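Note that the chains take the letters A, B, C and D in the order they are written out, and that residue 1 is the start of every chain.
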Amino acid sequence: MSDATFQPPAGAFTRSVPIRFSHSDPAGIVYFPHYFNMFNGLIEDWYGEELGVDYSKLILSGGSGFPIVHAECDFRVPSRMGERLELTLIVDRVGRSSLGFVIVGHLGGVERLRARIITAMIALDTGASKPLPEDLRASVEAYRLRSAGR
Amino acid sequence: MSDATFQPPAGAFTRSVPIRFSHSDPAGIVYFPHYFNMFNGLIEDWYGEELGVDYSKLILSGGSGFPIVHAECDFRVPSRMGERLELTLIVDRVGRSSLGFVIVGHLGGVERLRARIITAMIALDTGASKPLPEDLRASVEAYRLRSAGR
Amino acid sequence: MSDATFQPPAGAFTRSVPIRFSHSDPAGIVYFPHYFNMFNGLIEDWYGEELGVDYSKLILSGGSGFPIVHAECDFRVPSRMGERLELTLIVDRVGRSSLGFVIVGHLGGVERLRARIITAMIALDTGASKPLPEDLRASVEAYRLRSAGR
Amino acid sequence: MSDATFQPPAGAFTRSVPIRFSHSDPAGIVYFPHYFNMFNGLIEDWYGEELGVDYSKLILSGGSGFPIVHAECDFRVPSRMGERLELTLIVDRVGRSSLGFVIVGHLGGVERLRARIITAMIALDTGASKPLPEDLRASVEAYRLRSAGR
């Protein structure tokens, strides 16, 4: 796997995650399920810090749920304890009831991993999908535009 | 999401995983990164119990590594504490240095999730991919054939 | 740390846990928080398999909670991937609203770790402790007696 | 359990940890093994940020290991998603080869949990304890004094 460069788009939400002992496998690199946990944390922070939405209320109240229906990641370059991995969140797609995120992990301008996460809004009682609230959709769409890069 | 039925192919490796309190999120369903952890455990058990390969030696010795280069999953039906999720491992592709797995999670004949995991064999010193050992390749290929489901 | 021998009392509930890649730290031994996760799983299995109590109902319904109020462990001998650690559950104390467990991890008659876990029954609305249901208390007390060893 | 107040000693190392969806159990509070993971992260940060010691080198190189030989915690007040728990590290005891830490979790001046963690320095080849390096001991002892809270 050759190194791919990555520069976060201006306006994109980026947070760094310290790579810890607890993430490290016997080969000294991050055990891959931990990355999915980091992605969920990034989305959580993005809701709160970028959109000003209370994620815990969003996912836990009002009879709605926000399950992840698809998650995938290409792991290109491993990360090691002591590093700080930069994670950038890009909104890929705003659907009727679903949101598609691309999350890029990078360090020093080199792309280390690239994930795609899709969440769907559902009614908790029936499990059926339901449309995103209009204010949430508008807020996400505005973020998508201001972080679209060029 | 409509229910999809799933019947494991004869000869396919299936193990059940108890869904625990520790897997459960505030909505009472499995928090998705735990599934990836379960998949890794399934592959580990498959190496040992189905192929008779010592996974810890395979991945930790001889200067070779076996990182996961791609992982993805479609989550169709949530699982809850107290259930036992059946996980079936299917070998999708045997490459020069990579192995592709499909893992299906099911219960009562209903498919709940479907994952795709790709591992690659690398030299630990250079990080470059290296061909799978011939005996391992033969062993995996034999499993692929006997579990092909026809 | 010198080796201490351990023989589970007759009638004590013992389950083996496979030590996995996912448990292993960069030194190749189990990262200690995983043990606490294993202890919780053991208690869960003990309720279901030994007492015939539905743990998910016990802890999630009826307005009661069963939080862990104290947890401790002495780690004597590390465990490594590929081993199966035996965990034995001993009921140490049956209080008005609390239960005290001792969990011993052992392999080949050698004690590897010894934990003490205390759970308390509380009312979820007030957080105040409440007495254990009589049938549960009787069931736990019966287990304590039949596993008291001698 | 009545509320206990806690004020970190001047000079004590304190970091806040966001309580996340991933930490939360079906009752909406932190699943207790996650706390032990947080404690390990706090110790890691303390080594790096307070003592200026490279923790990964300390625990992974030079033929020495730094296993945790004892961990315990009293959980008084649960924590919930969206909160930021403050964790304060106090050095309790500097032994020949062991270090004793007290970690207090608090929020708004109320003590929520109190942990005790003991690590020991060992030779990786024999597993025998070995004395702490003098410069490390001096550094830890200096911290102990400047954070002694009087």
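In this text, a contact is a pair of C-beta atoms (placed from the backbone, for glycine too) under 8 Å apart; a residue touches a chain by one contact, two chains touch by 3 or more.
Since the structure is predicted, the reported quantities are computational estimates derived from the model, not experimental observations.
Farthest from chain D in terms of Cα centroid separation is B. For the pairs A-C and B-C, the larger set of C-beta contacts lies at B-C.
Separating the CA-averaged centres of chain B and chain C is a span of 29 Å.
Per-chain Cα centroids separate chain A from chain C by 36 Å. Residue numbers of chain D whose C-beta contacts span two or more other chains: 21-22, 26-28, 31, 33, 37, 40, 59-60, 81. Chain A makes touch with chain C in their complex at residues 21-22, 24-26, 28, 31, 33, 81.
Contacts from chain B toward chain C in the complex involve residues 18, 20-22, 28, 37, 40-41, 44-45, 54-56, 59-60, 80-82.
Here chain B touches chain A in the complex through residues 1, 26-27, 29, 31-34, 36-37, 40, 59-60, 65, 67-76, 78, 124, going by the rule given at the top.
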